Structure formats: structure tokens, C-alpha cells
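We call the chains A, B, C and D, going by the order they appear; numbering starts again at 1 in every chain.
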Amino acid sequence: MKGKRVLIINRGEIAIRVAKALNELGLVSVGVWTDNETEPPHLEYCQEWVHLEGSNNKETYLDIPKIMKIIEDYKIDGVHPGYGFLSENREFSETLAKKGITFIGPNPTAVYKMGAKDISKQIAKAAGVPVVPGSVGEVATIEEAIKIGNEIGYPILLKAVAGGGGKGMRPCANDAEVKANFAAVQREALSSFGYAALLVEKYILNPHHIEVQILADKKGNVYHVFERECSIQRRHQKIIEEAPSPFIGTDEKVRQDICMTAVKCAKAVDYDSAGTVEFIMGEDKKFYFLEMNTRIQVEHPITEEITGVDLVANMIKSAFGEPLDFKSQDEIVIHGHAIELRICAEDPITMLPAPGKVVGFETTFPQGIRFDHCIYPKYTITPDFDPMIGKLIAKGFNREVALRKVRNALDGLVIEGIKTNIPLHKVILREETFVKGEYSTAYIGKIKPQDKVAPKEDMKAFMVKVAAVEMNGRNS
Amino acid sequence: MRYHFLNQDMKEFALDVEVNKDAFEFTSDGEKTKMFVKTLAGKNYYSFDGTSWKKLPALGVNEVLVSNSEVFKVYRGFKPSGLNKGGAGALITQMPGKVVKLMKTLGDKVSKGETVLILEAMKMENEIKSGADGVIKTINVKEGQALDSGFLMIEIEE
Amino acid sequence: MKGKRVLIINRGEIAIRVAKALNELGLVSVGVWTDNETEPPHLEYCQEWVHLEGSNNKETYLDIPKIMKIIEDYKIDGVHPGYGFLSENREFSETLAKKGITFIGPNPTAVYKMGAKDISKQIAKAAGVPVVPGSVGEVATIEEAIKIGNEIGYPILLKAVAGGGGKGMRPCANDAEVKANFAAVQREALSSFGYAALLVEKYILNPHHIEVQILADKKGNVYHVFERECSIQRRHQKIIEEAPSPFIGTDEKVRQDICMTAVKCAKAVDYDSAGTVEFIMGEDKKFYFLEMNTRIQVEHPITEEITGVDLVANMIKSAFGEPLDFKSQDEIVIHGHAIELRICAEDPITMLPAPGKVVGFETTFPQGIRFDHCIYPKYTITPDFDPMIGKLIAKGFNREVALRKVRNALDGLVIEGIKTNIPLHKVILREETFVKGEYSTAYIGKIKPQDKVAPKEDMKAFMVKVAAVEMNGRNS
Amino acid sequence: MRYHFLNQDMKEFALDVEVNKDAFEFTSDGEKTKMFVKTLAGKNYYSFDGTSWKKLPALGVNEVLVSNSEVFKVYRGFKPSGLNKGGAGALITQMPGKVVKLMKTLGDKVSKGETVLILEAMKMENEIKSGADGVIKTINVKEGQALDSGFLMIEIEE
């Protein structure tokens, strides 16, 4: 494996994380720069720099023929896709396989099977993994919906087939509510998606998003690296993650159950890399398969922190057929607690993206903090890329210690010149139900921590900003 | 030295600062506040009481200053006269973005509320609508162009 | 405990480490600067800065009346002494106790009992802890020495009472060698120390320096936080430490034994803070008590890394009578492996101190690295203070991973303008017996890695330095 | 531009460098080596082949350059004529230190090998001995004074 040349076809903090692992393992990390990001900070960690021509993602990180050309020109042996972009693209992984290039990720069949939502659910079901109960296919009439409601038990969700993002769906608690809502959801579906067909699904109250990290080698060994709770979300995107899950807590039976179920899912598609099986868990701790992400995930660091397993390095080793760092599931144990905050360039109240240019950046962290990021003074966050610019991760002996550390770290994180969600995180980290660990995916919508963010800091904060400008001018 | 801050709603306030070697004296609404400053090991620090110190970020002079959810234009030492030029007919970017589509050309008639162009900011498309009835007088952008915050894209003559 | 004002009467990396813990716990960290270090980097982490007048250690960090004056003037509630300076000074801890100031360390009696070498050995012996077998007091004649040699078993060490630093001591394998060497050691003792009296002590071949971390509260609960191996030493000072000990390895019986013996020692002096019990271990894995350090130690981070226990935070909590992060010994487990390299301003070949001014400093680390340091560009290392300027710590899933990470990190650590032992560490980390973990305190003397350090780098390294100067000039 | 390097044993070598915007050309012992340079995100990088890049530290101009165990005086662009003034009678610090004790005063006779002063460097005392028989001509230090490396402490007239 040593000396192999690996192209990182990604940017930002994940490109840095991957480059670090490649360098450490003795491989050659090859990074790219594009015309709409000519000075990407990830090149700091890449041993070689290649120009990927183009000024938007379609011309660069998504352009398979162009990437294949670079692979040929620069004698690349393997590719790490990071997350997003081509990380779960069947065509890309198949093209690489045909050319004999190592894809640092699962085999193309696993990518395909888990990539298609309906296929992945069928596979999970066939493997004996619970999926959210509901109709098989479209539901045409109110009567049919009521029948299913009584079969699977209320509450149920009436949902547009083409739906997503909260539109075209309504919960119903009994037959009467189905009758009252059916036509309305159909109309909503038609107007929003141009297609009126509905599905019926069990409605899970105050659900938890819990996912299980999988790590597998090319010899059929599939391990789980325990779970993460990612229930703090806005716009169906995670902003805070924890490991282990405070909701599962000390219930080792449920923990074992969900983790081994994830292994079952992964084995069902002959999974052979790092990946994540996502579940939805109800208040009764019953869980249902949602999907499997066939890539390294944003929130992988919290799992690394509590288990000591270097997921990215092991993912690379797996891809090149090297043995993993462990030989049995028993070697992987949870140790302490980790919390990750996604630091995003966005308005802390509206939570809408807010690109811009960083003009000041300082960190003063306690012990036990990891900050995976791509920020530097003068860094410009363009509308082209994801607004997530860093991940602040704290590890502690227990949840209380981790919380104490991440709170102190957040107070020591200063990013000037752009809006960030730091003020929002500050509110959440001191909010009672979060501190107690008693939250579900309904958190942001119900508790509304964003309403407690002051739109503007006090006058002293402005004095500090003015002083920072004046002092900086003095020193240069 | 007077600093003028102007937010997106054109609300403004001022902060006076007298810069000395070891301390700054601020005046805001007639109230004076002293701040001590020190450089140590290549970094700058401030203190309101002379004993408790905190780090100052290396903050470059910038026209824009962000405070939680509000964005302020900063004018150091002067207050530009034409501050309020941004009337209903001036379409100014509120955040950086990229022009996806121009719906009008020069001389076109537009009515209040009509979409004039589409601006993409972080994967989301925003319809930029005219604030007045009138005629397109100037177009300072083209499709595909990336814009900073506070950029005057289009002017409409009422 | 929150809001208590704590004076850190130390400097460098340990002052930073302590300030971080104080801030995180919600206490007020008060740091000092002196006339021979007016811009100490540790103030970056201290909330308040106090001038400790004086231009040498005697006038500053060792001046108890001056420190007591500051404590009064600045309304200090507690003091953290770090390591060195007044950390193990009985007078200081007693003076603080009298004034009702919290000393963040053990009670004065424990400091005193463990501070006096002869008393501490007696206490250990009385508590049933093995000490190195030998004569009780001075040995006057050859016959007496031979008698003891036969009692405790050869080899033995003839040793000047006043000895130290390798002078005035010779090992003897049998009666004949005692006869041959006795007079010579007496002469050496007389000429070196002006005092001819000798001791006889069991000679331990290829010994290992193994120490056990202790953490205790003020209610009589004493815990061990496992062992560290510190056998890589030069001039009897540690330069590389590991946890857990590769020599103990998987021998859990010995590990339990040495750790519980350390607890016994600590309990014998009613220990009530963080401390370390040092042992010498022979090739037969028999171990003997050496001394107890009644302070936080330089190498505490490797224990923090493998156990997740924040030693410094817990030491502070203990001092203020707060409960520790755990309630039973079982909660503390080893997880992974950690290695620490002490980065010193010294010649990498002669290993002699080499103060100077840092003119360039850059780090490019892999994941899993912790660098506790006080280095910044333009930092001047004065002859007044310890040459240790940083500690490079790697944690890995196992020793192999930790070694891989620390090796890669070391390659990414650039300090220009002063001599450092980085080139020496680079040799050791690739040297066979070290890599295998088969080394004793004889390592530096026997393997002589310093001989493999090139006195001068190649011409390309000079080109890089020239380019660094030219490019730096261009940017400013 | 020629760089002269002189180590503690007065051994010297030179390195020529031609500075261009994107590349440096070095000449050492007649052999040419090209180095590419680039600035990225506020940091400097170098490459000998144009594809493999490594970070350059922000290295301030300094008179002293350290390479593992050797310390070099660096002369950028010139070679001082009086380089070899440091004869047997000139006592120059080999590392930074502090003067603990002066054993002689101006005009005192000293013989070769005799201790002239005691210099403390990192908790260790070093006796600085005369390299020649002669008379103390100049004393540039006093007790307690902290000295940099390469400082001419005392001159002895032979």
C-alpha cells in the first residue's frame, strides 16, 4: 500500500482529514484546486497539487471524464471521494473499477443497492431488518388508507409519493383524521410535486435519528463501531451529533440490537468499507431502517473519539486489502463521550446560508478539543460549496465533561467577517432539554433555540471589534 | 476617530474611539468606556479593567462587520453622504451570491413585485423583485457573475 | 468551586495546561509574568495577568513571601504550582494552609513524607511495598559487603552514600568482584564527594522506569490511573514516555500488582491529590519503590490519552473538595496506546541544552496528535528555564498506530533558529529495539541513537531555509 | 544573491540563489537546483519538481541558522572581511548564556587554559578559558549579563 498515489476528489475539511490519513499511512496524497477555489486550504496537507479546471462543481468535482483524465495523467492508483460529490455515484465507482483504480469506498454493487431508496428498503426487509411499516406502493382511496392505519396502528402519516422537505405530508391519529386530511394531502402533493399519489406510513412521534458506523474489510469481516445520535437537525440536516446516543443511554440491550442490525444490513449488500446505517427510533426505542450511506460521514470524528478507531485510515487500509487495526468486534469498545458541533456560515436565527469572507479567526480551546476545519483569515466562503466550514468536537470522560469542554471551546472560537451559527450553538449548549440529553428531531422546531439568539451583540462587542481592527493595523 | 455602523435596514449608530498606545477610549451615546490593549507573543489582547485579558482576533480592516444575525457596513472616520441612495428602485445584494438568470434587459418596463433576476446563494435560488414600478435604467451584472454583499445590481427609474 | 480565583505559579506549557483546566471548570485563572520573561505565551490562556517582579527564579517562582503578597493583593483563593519550582515544597504548602489558601496538590504532610527520600522508603517498606534490597545504612568493610551480597543475591551495586549521576558506583557480580572494587569505589567517593562511606544495594540489570499515576480526593478515595513507562532517558531525565508500558505488555497480573502497590503507597501517606509513584522494574518484572512525586508530572498527558481521565481538571476538583469524574476503580480502563516525545532546546547529539530564539515554527500533524507547548515565532528560550519547550503526544488504537502517528507528526514539526532534539527523536522512532518496545533505561547509553544523527542536514535543507527567509520577506 | 554560511569551527560554504517570482535557482559547488515556490492561504510552499509541495516555515531573517547539531552564522549577500577576527585571544559565546562570575579585570595577565569567566547556560556552569597567554585588553560583559550566541565577551592581547 505504501507509495500508492491517491487522488482526493474533494475539498474543505474532509479533504484535509483524508490527506492526513494518507500521509500517515505512507501513501501519496494528491489534492486538486479549481478555478473557483484557487487557494484551497486543504492543499496544505496534500503532497501533490493538481489543477482541476473549471469554475463550478459540474465542471470539476462532478466531471467524471475530466477526473479520469487526471487519474491517467498523474498515474493515480486510488481515489478517495470524501463525502458529497461523487462519493455515492455508481457510475464513478464502476468506471474506476473498470480501469483498475482503487475506489476508497465500497464495491459498486453496494453503492448501487444502497443508493436506490426502494431497493435498499427491500434488501433491509429481506434481511429481517425492521423498516417503517406502511403501505406497499401507492394508496388510492381513503378506505385503503384507513385499513392500513388499523393494521399498522395509529398514528400514521399520509405522504406524497414524490414528497420531501416536510411538504405534502400530514399525521393522522385515527380514522376520522384520515377522512378529513386525505383529499387535502392529495391536493398539496399535486400542487407541490405535480403528482397526487399518496403513501401511508407509521407516524413516529418525537423520533430520534440514530445511526450506526460500519467498518468492513474486503474479506467479508463486517464490524460496527457503535452508534451516533444526530437528532439535532434543521432543514433535515444535522447540526449537532453525539456518541454514544444519550437516548439509548445505558440500555445496552437496545445498543447491541441496533448495532448488530446495522451489521446485518451491511452484510446483506456484501459491504466492504466504512459506511453508516441510519435508523429512526421512536419513543418506545423501536427502530426502523432509513437508509445506508456508503461513504465516510461528516460526523465520523465523534465515533473516532469514543472508540479510538481511526475510521479514515482503516477505510483506506480496507480499500487496499490491508487488515484493519482490529481482529474482532470485542476489541471495539466505547470509552467516554463525544459531541460535535457543525460550524456553518449561516445566519444563527434564520439558519439560512450566508457566504462571505473571513476577516478574523482565533481559537482558544481547552484540553480535549478537536477542530476539523478549513478556515483561515481571508478565507472566502463562496455560494458554490456547502456552508459547513468546520466541526468542533469535544471528548470527555462522560457526557457532562464533554459538554463542559465543548461549551468552553465554543466561547473560545472567534470567526469574524461572516455570519455563523456559533451564537445558536451557544444557546443550545445551555438549553435545559439539550443539557439533559432529552431531545428528538423535533428539537429545533419545538424548543426554538434560534429565538433566544440576540440579533445583535452588545456595544462592548462592537468596541472589541473596533479594537481588533485598530490593533491589527498597528502591528502590520 | 468615529466609526459609523449601518445595518441592512439602514439603521445606523456611531462609536467614537480615541486611540492611545496602551488604551482606547470609546464614547457611545455620551457614555465613556476605557479599554486597555496589549501585545503579547505576537497576539493582541484587550481588557476593560486592566487585569482581565482576552485575545483580539487579527481582524483586517473590512467594510463589513457581522454581529450575530446583523450585517453592518462600517465607515471609519467618515460618513458617506450618499448613504441612502438605495431607494426602492435600487436592487442591492443582501448576501454574496451568483446571478443565475436575468429576466429583464435595459429599458424594460417593470412593475413593483415583479421578478427582475434570480440570485443563487448557497444552493438556494432567490427571486429578486423590483421595489417600484419603472424602467430598467442600469444593469451592472451579467448571468453567472459572482457578487459580494452590498453590490448594486440593477437600478430602476421610477 | 466556580468563580474561585486561582494563581498559577508556573510558566511554559504546564501553565497553559493548568489555565485551560481552570477556565473550563469556571474558575478564574491568574497567570504571572516576570522581568526575565515579559511576554510569556501562557498568559494567552490566563484570564488575569499579574506582574511577579524579579529577574531570576529565586526572586520570582521560588520567592514564597513575594508570592504570598500577590495572593493577598489579588484575593487569590487557590494556587496551582505546576511541576518543578514550589510544587513539592513543604514550606510553601504549609504557609498556604495556614492562610487558608487552597493548594492544588496534596496535604503538606504527604508532601513532606514523600519529599524526604529516606522517610519515604521507610513508609513504603512499612506499608509492605518492596524497595530495592540493600544495606541498612553505611557498609564499612569488604566482609560486610560480601555478607549482604550473599543475603540479597548478586549482582549488587557498591555505591557512594553521597553519590549520584553515575559517579561513585560499580556493579559486582560475585564475592571476588566486591573484593576487587571496594577500595576503588571508596576512593572515587572520597574524591568526587569528599565522603568515602558506601552503601550496598541490589543491582538491577537493564532496569525499567515504570511509574503509576495516582488520583485521590479529600475523602480518602485513592485511585490509580495505570502505568507509564519512562525508560528512555538521558542524564537520568526522561525524553520519551509511553502508556501503557510495552515491557509489562499484556501481563495483566503484573499491571494490577504494580498499580495496586502504588495505591498502597499513596494510602500510606493519606494522599489526596494527583501524584505519581515511581518504581524500578527488573528483567524478571520484579519491581521496587523508588519515590513518589507529589505533583502533576510532565508526562501526565499520555495517561489522559489512554484513560480519558482529565488529570489536571480532576486534581483541581479534588483540591476544592469536589467529587472526581468517577466513583470506582472499575470505571478507569486503558484504551489504546499513547507516546510522548519531549521536545527540548538541546543539541541532538551531545544532548546538552542550547538556548536561543525561535525564528520559524510550523506544524503539520496527522489526526490524533496533541502538542502541549509554549513555542511561537520569536520565542526566546533563556538559560533560566528548563530546555523542554513542548511535548508531542500521539494516541493510537494500539502501539503500532501511535508509533505511526507520532513519526508522521515529528516529520511535520519544524522549529527553526534553535537546536532541538527532533533529529534524535527521528532516529529513535525508527530504531529497531525501540520500535519493538524492547528497551530499558540503558537504551541511550547502549544503542546510542545520537550517533546516528547527521551533524548537518543536506544541501537541499539549506535551500529550503534560504527560501523560507526569502519568501517570508516577500510577504511582509 | 549569495548566502555565506560559517559554522562554529570557522568552516564556511556558500549558496547562490537567483530569486524569481515562482521559482528560485540555487547554485552550490557549480551544481544548479531549481525550486518552485507558491503562496497559498497565507502560507508559503516549495517544490523541487513542481508537483510535490511542502510548507515553508515563516522564517524571519536571522544571523544564525541551525542545522541539527551545527550552528551557522549567515551572511546574506556579502562576506564580512573581518570574519576571522576570532583568534585564540577572543572569547566568543558558543551558545546564549548568562555571565555568572568574572575572574579577571582589565589589564590582568592570563595564561593559556586559565579560567577567565564563568558562563551559565541552562542550569550548567561553563568555565571559559583563555586560548592564549596575554593581557586582558577589553571586557564587554558584566556579571549577571545575558548574552546571545556569537557575542565577543573578552579580548586578550597576546
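Quick note on the criterion: a residue touches a chain if its C-beta (ideal position, glycine included) is under 8 Å from a C-beta of that chain, and two chains touch if they have at least 3 such contacts.
Note that the structure is predicted; figures quoted are calculated from it, not measured.
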Item checked: Chain pair showing more contacts of the two, A-B and B-C -> A-B
Check: Could you state the distance in Å from the CA-based centre of subunit C to that of subunit D?
Finding: 33
Checklist line | Approximate Å spacing (C-alpha centroids) for the pair subunit A, subunit D | finding: 54
Next item on the list: Specify, in ascending order, the residues of subunit C that touch 2 or more different other chains.
Entry: 44, 364, 377-378
Next item on the list: Enumerate the residues of subunit B that touch no fewer than two other chains.
Entry: 54-55
Check: So which chains end up touching which?
Finding: A-B, A-C, A-D, B-C, C-D
Notebook entry, point to check: Quick one: in the complex, what on subunit A touches subunit D?
Noted result: 39-41, 43-44, 46-50, 74, 376-379
Margin query: Can you tell me which positions in subunit D touch subunit C when the two form their complex?
Written below: 3, 5, 15, 17, 19, 24, 26, 28, 33, 35, 37, 39, 44, 46, 48, 54-62, 64-71, 76, 95-98, 120-124, 146, 149
Item checked: subunit D-facing residues of subunit C, complex -> 347-350, 352-357, 359-362, 364, 377-378, 382-384, 386-387, 414, 416-419, 423, 453-457, 459-473, 475
Check: Inside the complex, what are the residues of subunit A that reach subunit C?
Finding: 17, 20-21, 23-25, 44-45, 304, 308-310, 312-313, 325-326, 333, 335-336, 364-368, 395-398, 401, 404-405, 408
Item checked: In the complex with subunit A, residue positions of subunit D that touch it -> 40-43, 45, 51-55
